[in-house]
Each structure stands twice: as C-alpha cells, then as structure tokens.
Amino acid sequence: MFRTEFTIEWGDCDEAGVVFYPNYFYWFDCTFQRLLRDRGLNQRELKRRFSAVTPLVEVGAKFRAPASYDDVLRVEAHVEAWETKRFRMMYKLSVEDRLVAEGFEVRAWANIDASGRMSGRPVEEAFKSLMQ
Amino acid sequence: MFRTEFTIEWGDCDEAGVVFYPNYFYWFDCTFQRLLRDRGLNQRELKRRFSAVTPLVEVGAKFRAPASYDDVLRVEAHVEAWETKRFRMMYKLSVEDRLVAEGFEVRAWANIDASGRMSGRPVEEAFKSLMQ
Amino acid sequence: MFRTEFTIEWGDCDEAGVVFYPNYFYWFDCTFQRLLRDRGLNQRELKRRFSAVTPLVEVGAKFRAPASYDDVLRVEAHVEAWETKRFRMMYKLSVEDRLVAEGFEVRAWANIDASGRMSGRPVEEAFKSLMQ
Amino acid sequence: MFRTEFTIEWGDCDEAGVVFYPNYFYWFDCTFQRLLRDRGLNQRELKRRFSAVTPLVEVGAKFRAPASYDDVLRVEAHVEAWETKRFRMMYKLSVEDRLVAEGFEVRAWANIDASGRMSGRPVEEAFKSLMQ
C-alpha cells in the first residue's frame, strides 16, 4: 500500500465550500505519479527505460463524505489488478477517520512509435515488480 | 438531448499533448450547469426554488480516443435515469466524428437545513419536468 | 481589438462565491490562443512556420470588481507594444458594463534548437503583421 | 520569512513540458493560506475573529526560468509592505539554486456586512502582529 497526503487548498473548493469534484481525479493522478517516483520512476523514466506510456482507459469515483478547505486528505493507493495490457489502480481518500472518496484508474501499457502512434503492449514484468 | 461544445485550450493539455483527464470531469460539470441554465435554472435558483442542491454521489468516464489543443469538443448530455433520491446524467464527447469520451454523473437531490446539514430527499417532480 | 467571451463556470469560483483569481490568467492565455487561431495560427503553427515559441516573461492583473458563476466575461485583447525580442498583450475583462479585471502578458519570441535550448530572437515581421 | 514547498505535478505542465503559468498564482494563493495556517488563522478564522476577508487587488509575476514535472518548488513568502487598508505579499520560487519566479499579491482588508457588501477597512493591528 502506497500512502501520501494532500492539504485541500482554498482554490480546490467551490462556492458550496466543498472540493470541486474533478480535483479528486487530479489527486488520483498525482498519487500515481508519486507512487512512480517512490519506485524510482516517472513519466520520462518510463519512456526512457520501457518506451512506454500509461494512458487512461477508464476512471471512476464514489464520493462518501464532503471535504473542504484545510482538510488533510490521506490517500492510500495500490495496484488492484494486472491484466495483460492494462492495470487497475485503486485509491482511497480519508480525512481523519472519515472516508471521503474511493476511486480507480484503469491504465493501459502502450508504446509510442517514431510517428507518434500509440499501440497497446503486454505490461512489462520489470514494471510489475517495481509497482508491487 | 442537450448539446454544447468547448474548445480544448492550451492549458487543458499535459506534456503528452493530450487533455489532462480530470478536465473531462470539469466539462461534464460545466455541461450540467449549462443544461440547468438552458432550463432557466442554476445552482442558486435550485436553492431558491427547491431549497435543493445536487451533490455528486458517483462519477465515471471511459476514454475512447485522445483529444488535444484546438480541438472542438462536442458534448451530448441527457438524464439517463431518475431514481427516487438521485438521478444519472450521461455525457458523450466527440471531436468531429471521433468519439473521445463517455461518462456519467450520479447526483443526489438533497436539502440543506439551517444548520448546514444535508439530507437526501425525493427528487421534485417540477425539476424532473424541466430536465426532461 | 480582438474580442471573445467566456462563461464563468461553477468550478471557476471559490468558497467566497467569486472567481478564484488564477483563473483570470487561464482566460488571458486562452484569449491569446484564440487570437492566434483567429489569425490562422496556433502554437504548433508558430513552431512549424517560424520555429518559434512565445514564453511568458512577466504577467500582471488588477481586479476591479468581483465576478461569479454564470456571469459572461467579455474580453478585449490587443498587442499594446512590440519590443525587439518581446511583445506586450493587454486584456480587459468586463461583465455587462462593469469592468472586472485588466491585465497584461509580456511574451518573448524565442527559438528552440534541436537540443531543446530556447534563445530569444527578434520578433518576425510576418508575425507582427498577422497580429496587428 | 515563511517557507513552504510544492512538487510540480504532471497535470501542472503544458504541452511544452513546463508549468502552465496560471498555476504559479495557484501556488502563491496556497502559500498565503499556509502562512495564515502557520499563524493559527485561515479564511474562516479571519471571518470569525475579525469579520474580515482579504480580496485581491493586484497581482503580478516575473518568470525567470522554466520549471517542470517532478521539480520541487521552494517558496519564500513575506509581507513586504503594510498600507492602511491593504498589504503586499512577496513570493520567491526556486528549484534547487535556480530562481524560477518572483511575484506579488496586493490584498485588501475588507469587511462583509449582513447584506454581503464588502467595504475596505484599516488592517487590524492584531492581524499585522500575527503576520510579521
């Protein structure tokens, strides 16, 4: 389980005083990037080492309780499932003991060729090992 | 079917040159607000007329093809289902004839009392009629 | 004078019910991109035709009156001054007859060489003519 | 001098691979909020204790060097000047030893009356002491 946290900022909330919901996906993505970094990777390193990118295929979230300005959002993330050409990230966001949101990202493993065309490929074992 | 469109701006894309995905949810939300407006409503009017807000319960999206800077995103939206205390919005986003993304929002119908507490209520018939 | 407009969306405002101010700069940048497009250009075309980019050197804004959700922001923009290696864009934002904000962007004219290094260059006359 | 830092995230950069500039103002605002918090304040506490808000009057920034994905942005902030009804915040952003951006915010000290009208007031001495 990878853990990180974010402080909810003034600009992240809407007129109703709660998080404007697209920001939850920004935090999912940030968490994924931080997890990569924690494993010695990042988007550029993925390209250099594996010639790979991880485009989003599907995402979703359930909102359990509101969160607002100054709350510290604790995030737990892990790879829930590896399929041949894609993997599923799970995210759980809490403020203190309150579950705020749960969500997922399905990301593909893809190569970009010289002409810029992307094509799905089986996820590299070396990447799987690093992310476990 | 409600239709609107957005031009994808420079700042909406990431280093890979495609839309940074949380922005799709920003456009879902904007489309919902524009639909309200088209029916003579908005968040303040919902509060004034129905003492109601429409908090998000669950959202999701599938990404079908990349879109980038300067593309005109055409959005089709409609209420797909009415449940007693919630409703489900569907969104379909295309660039020219290319389907780019599909998604949904499940929104609750809730009252906010004087102390700021939110509680679910059956969706008002008058609201349903306006949104049909 | 180039004119465009934006509808202020729910997600653009903060808990105080007014525009979260960094969004004004998002609209400045969008307006610049729309102006380029109006002249048959965009960032990719600038690169292709002139091997040039227009990085920001300095920006600023004065906020005259609040604006909020559902307001239609009318923007007027023009090139206020051409210097040898940079130019100054001016933006004026109004809602109905109310001046909301005024701002500027100073943009450099720069080439990116094969190694990715950026270096300032005199602004091309062909670009100046298109932007007048 | 108040110090804080931000990691530049994937979604904060544009197609050119550098920070999309409105985000610098997001970080200025976040830094101001963190400074308030450091002094036992926040927007709600300002309202509760002083019936005050701090609306933006003018802002600006100079960009000295590009910054991108994964860079850690170190921010130094302080109140540069107190005027009767406003104050000027200064921000300096660096990545390692490289100055990336410098900027300022002029914020007013204002009361909001029962009808929602805002009016400028002399900055409270108690607030000044806390922010020094």
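Observations
Which chain is which? They are A, B, C and D, in the order written, and residues in each are numbered from 1.
Methods note: a contact is a pair of C-beta atoms (placed from the backbone, for glycine too) under 8 Å apart; a residue touches a chain by one contact, two chains touch by 3 or more.
As the structure is a prediction and not an experimental result, all values here were calculated from the model.
When the contact pairs of B-C are matched by residue number across B-D, A-D or A-B, over half of them reappear in A-D. When chain centres are set by their Cα atoms, the one at the greatest distance from chain B is D.
The greater number of contacting C-beta pairs, out of the two interfaces C-D and A-C, is seen for C-D.
Note on chain placement: the centre of chain A and the centre of chain D lie 28 Å apart, centres being C-alpha means.
Separating the CA-averaged centres of chain C and chain D is a span of 22 Å. Here the CA centre of chain A is 31 Å from the CA centre of chain C.
The set of chain A residues that touch two or more partner chains comprises 10-11, 15-16, 20, 22, 26, 29, 43, 69. If you check the complex, the residues on chain C that touch chain B are 7, 9-11, 26, 29-30, 33-34, 37, 42-44, 69-70.
Listing the residues of chain A that touch chain B in their complex gives 15-16, 18, 20-23, 25-26, 29, 43, 53, 55-63, 66, 118.
Taken in their complex, chain C has these residues touching chain A: 10-11, 13-17, 20, 22, 68-69.
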